[in-house]
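Two complexes are shown next, each including chain A; its partner changes from chain B in the first to chain C in the second.
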Partner chain A sequence: SRPPSHNIVPTSLILCATYHSEGHSGQYYTLPPTHIQKLFPYGLPPRFQLQIKTFNEGCVMVRPPALELISYLKRADYSKPPLRYVLYGDIGTGKTMSLCHALHYCYSQGWLIVHVPDAHLWVKNCKELLPSSSRPSRFDQPIQASQWLKNFKITNERFLSKLKTTQRYVWTKRESTEKGQPLGELIDQGVNRMKSSSDVVGAVLRELRLQAGGATEGEGAFKLAVAVDGVNALWGKTSLKKEDRTMCEPEELTLIHNLRKMMKNNWSGGAILTALSQTGSVFKPRSAYLPSELLGEEGFDNMEPFVPVSVSNYNEKEFESCYLYYLDRNWLQHPHSRSEEGKKELIFLSNKNPSILERLCAFL
Partner chain B sequence: MAASVTRPALSSLCKINSNINGIYSLTSFSRRISISSVLSTSAVTTETEAAGRGVRGQRRSKRQAGEPRTERMTVDQDWTAVYPTAASFKPSAVPLPVRMGYPVKRGVPPAKKGNLELIKIPNFLHLTPVAIKKHCEALKQFCTEWPSALDSDEKCVKHFPIQVQSKEFVSAGLSLRNPDVRIVTLKVKLSSLNLDDHARKKMIKLSEERYCKDTDTLTITTDSCPLRQQNYDYAMYLLTVLYHESWKTEAWEQEKTRADMEEYEWEDSPSQKKVLDTLLRMRALGAKDEVEEGTREELLGQPAVQEYRDTMLRLKNEGETEENLQQYKEAVKKLFNI
Partner chain C sequence: MAASVRHLLKPWTPSLCLVRWSRYNPYYLDPDPSKDARVPESELSPEEKELQELKTVSPIKAALSSDTSSAFNDPLISKFINMMMQDGNKILARGIMTQTLETIKRKQVEKYHKSPAAKREEIECNPYTVFHQALENCKPIIGLASVQKGGKSYQVPVPLTDNRRRFLAMKWLITECRDNKHRRTHMYEKLSQELLAAFANEGNVVKRKHDLHKMAEANRAYAHYRWW
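Presenting the complex of A and B:
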């Protein structure tokens, strides 16, 4: 229904992220609203969520980094240990968006999604930090853990009844989850009982790791996509303090500890997609964007061997596409912005950086 | 005119009234004169004229300045005669139209005549190339010939690898001595010393900040002894000791850890272990526990692994850049057959 001059992919290709190829680079495709609700309750960048609300649709530009990632995912062998992909790039170039695009591909292929929208939220500004019930040296974060479990439930509804636990978990003297119970029960346990929610997260992750590559056919088969945004938070510093006023190390947090175990490639049948992020990071300089700068030595040693995927600013074609999209949605109200000169000004001011361009256009 | 007359009048009054603490009388006198100059001149002229005539009679008049020397300078003159030694800037002797200073409002920087800024700053008008040539000619009779065999820098460094620098000071004052004269700096390139790998690393570690990595020079500066001769001996002694110590291997050097290493080494690194683990896991998912020596060597010998090793070394030793990362990416892709 839209004229082709706006470079928006016709609606028949909405769902088929599998068919995105190099030729579609620079074009927009729409995320179906049901998918957005299920897959990304909190996954998308906040400004993009506002844009979805304003435009009444979520349109994502198809860009080379995401296409590269999807091509690797298509070609990878899932009987082998998972490959780790790290999206890196300067601030505002579209790492989170590319990650979400790739994740949407996985979702449309029917994978099980483990998505941590921003690992930085787990290492700073936590209101409650309880000493762990299971291990004395660790600390729990009940609010973050139960929030994550709720989101996990929304995203992966259909798997919850199919997967069963492989061992007995004891939470307190009176509560335990038996072997062979559906995963959904485990998650309900975590959501209802906030105190043990961090340990539930650990149990869920463990179950998924064990069962991901297990059955190759039939009911139990699934591929696991682990997506972590801001993965450098796992090996950086926290801004949380323990009760005796000393700084908390990341290993001492249950959630971080379990997530680190997930990042190792000692399981099979899935892929680990990560993106680095400086914006939310704690104690990292603003100019740092390369993997070893943000991950640190420990993080780099833990993450390697990984495939680094570079994300950069828009090129000419992509900028053109974004500009036409905003024009098409009547987002650029200022009359000067529609002229050639206005476009040149936008190029100059934003340096074709996606987030800066988006912020600039919001004023016009 | 009144102003020009008052000055000699005041100066003569200074001499006359030298006994009196005449500041107050002088100021009152000057005030009177200034007031009188404001008043009609006719009534006062007789008075000032009388005063002027009287002063002129007592003291010789000031000579008028003749034309400046610059007018009579030819283009091919001998500049060393104008400025043979270091001297302050004389506007009448320098024929250049130099301007210096903060510009007057909506104007230009002030001219050179009577310009204090130009006089204050040091000038090198006495060190023109011609003057330097003359100095060199004069000094030649005290010098010996440069050895003809040492005609290039490389030969100088090859035959004389150690450079010793010290400063001389000449000053005319109450004392001719300058304490800074005792400082001796010794520079030597480590490539010209006979060191093996272990000795070189140990020497660099021992010399800490005295070693410059970019130029591969070790610089030893000594100033602890009072005489230059003693400092020179001490510097040579330090060099000898460093050399001999770095050749020795102590017992505790066996405890060198990965953190002490200067460069990243791939062997026995966590990176190598991980790659091995991953490859083994990829090979046979069931047999995770067997790590035979044969398979280990075989796995490590694969070209993909070697390439991965090279890119890792480059990343860690040279720092991370976009190209390094791209190469690393290619290596990882080859390793996992994407």
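Presenting the complex of A and C:
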């Protein structure tokens, strides 16, 4: 329907993220719309979602950090405990997008995806903070938990009937989930009964941890990809207050507690992909971007050992590719921006930072 | 030479004191921030040569901090931003303007990508041309002035200067968006809707312009009451 631009990867390579290599660095590849609907109901950055809506397609640039991550995923040994990958970098350099690229690779390989689009949303602006039904000193967040369960269901539908629970869970006097029930039922329980949804999340994560090691090859075996954006929220401070007006610790929130257990490498058969984020964080200075600064002492000790992957601004080739993509999609409208001098001005104003360039080109 | 120039550089008051006047001596020239290349001597006409001479000698007013030498600088957009600004909050006004341009572009580019190839050339995607054209469509050609004659005041049709027409168009756009739209929509959303409607010669602002024209046409009998 449209003539192929020289820097957009041809159709045959669209679905096969396995074939992305260093030679494709700087080129764009299209995410199929069905995949976007299923895999990223809330996962993509909001400005990228706007871009998908405007251009009627979702194109992601293939960049070295994502390629590095995918090559590690290809070569890892999945009988050993999972490796933790941490994407770090300055604001607006493309950490979330690289994470989504790697996650799309995992999805196309048939892994089970556990994706927390932004952990910061669980530690701030919570309208309903209920004291936990199961443990006295914990707090539940029913809205966030049920929202996450709904998204999990959309992404991993085909696994829900295959996986079975390994123990009996009792929610209230009259409700319980028996051993051997399909996981789908557990999730429906959490979505329908909001009061126990945070505990259901914990139960689901526990089941996945136990079964990811994948007993036998064949039907039951699956690889688990845990992707968390904004990991520094798990070990930072919250902006939530308890009823006696004291600050809430992240440890006291059920969702955070269960997610922390997921981050430990005491299970096998998967990978943990994370990205740090300063933009949504609470009580962190804007200039902090290194893992030690954002994770803090406690976070760093918990996450160690991890594989750090640095994400930086565009280099000349990537900037050129981005500029040509915007020209191709009829996005750069101002006549001066299409000239050589305008391009130099864009380089100067944005310093080749992906997000600033995107915001500049939006109104030019 | 120096003595004759010196009296012009002293503090100056106009002979007739108006309410809004520039404190600069009229001898001062306006700054020209554009970076156009110097045209060689041979291609200039004698008037232009004189103008160039004058520019090298005479003093120039101070440039505004919102003017840039980049080609992205648009005087019409700057004027609109100044008119939208409240309490001196230029950053907010400029932010609203950029968001408006972005919204216009998004709507048009989305329409462009979803339409078949035949209709694509008719869709104007450049938000700057949309803005300029919409403003042109909102400018009234003739205005009304109140003239007192024999104890009664009449609405007399009167020609308008270019500046007045531009001012009226911008004022109507801004007041329309501030007053007559739903309370919970953002200003950039309201502005983009109004600008796209004006671009297509529809919408409340163009209707207001047409009403003014009709009033002027209805009152054409009083046109001779104008003495200027």
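Convention: the second predicted complex is superposed on the first by the 357 of 364 C-alpha atoms of A that agree within 3 Å, B and C clash if a C-alpha of one lies under 4 Å from a C-alpha of the other, contacts with A are read in each partner's own complex, and residues count from 1 in each chain.
Everything below uses one rule, namely that contacts are C-beta pairs under 8 Å (C-beta built on N, C-alpha and C of every residue); 3 or more make two chains touch, one makes a residue touch a chain.
Just so you know, these numbers come straight off a predicted model, no measurement behind them.
Of the two partner chains, neither chain B nor chain C is touched by A:Thr279.
Look at A:Arg329: by the touch rule set out above, it reaches chain C but stays clear of chain B. In the superposition on chain A, A:Ser292 contacts chain B only, with no contact to chain C.
Set side by side, chain B and chain C differ in how many residues of chain A they touch, and the one touching more is B. In the superposed model, A:Leu50 lies in contact with chain C only, and not with chain B. Once the two complexes are overlaid on the shared chain, A:Gly342 sits against chain C while remaining clear of chain B. Applying the stated contact rule after C-alpha superposition, one finds that A:Tyr72 touches chain B and leaves chain C untouched.
When the shared chain is aligned, chain C comes close enough to touch A:Ala362, but chain B does not. After overlaying the two complexes on the shared chain, residue contacts for A:Ser268 are found with chain B alone; chain C is out of touch. Residues of chain A that lie in the contact sets of both chain B and chain C are absent, per the superposition on chain A. Taken together, the chain A residues at the contact with chain C in this complex read 50, 53-56, 329-331, 333-334, 336-337, 341-342, 345, 362-364.
Across the complex, chain C meets chain A through its residues 70-72, 98-99, 101-102, 105-106, 109-110, 112-114, 125-128. Put simply, chain A touches chain B in their complex at residues 72, 75-77, 79-81, 83, 88, 265-266, 268, 290-293, 301, 304-310. The touching residues of chain B, when paired with chain A in their complex, are 270-271, 274-275, 277-278, 281-282, 285, 308, 312, 315, 320-322, 325-326, 328-329, 332-333, 335-338.
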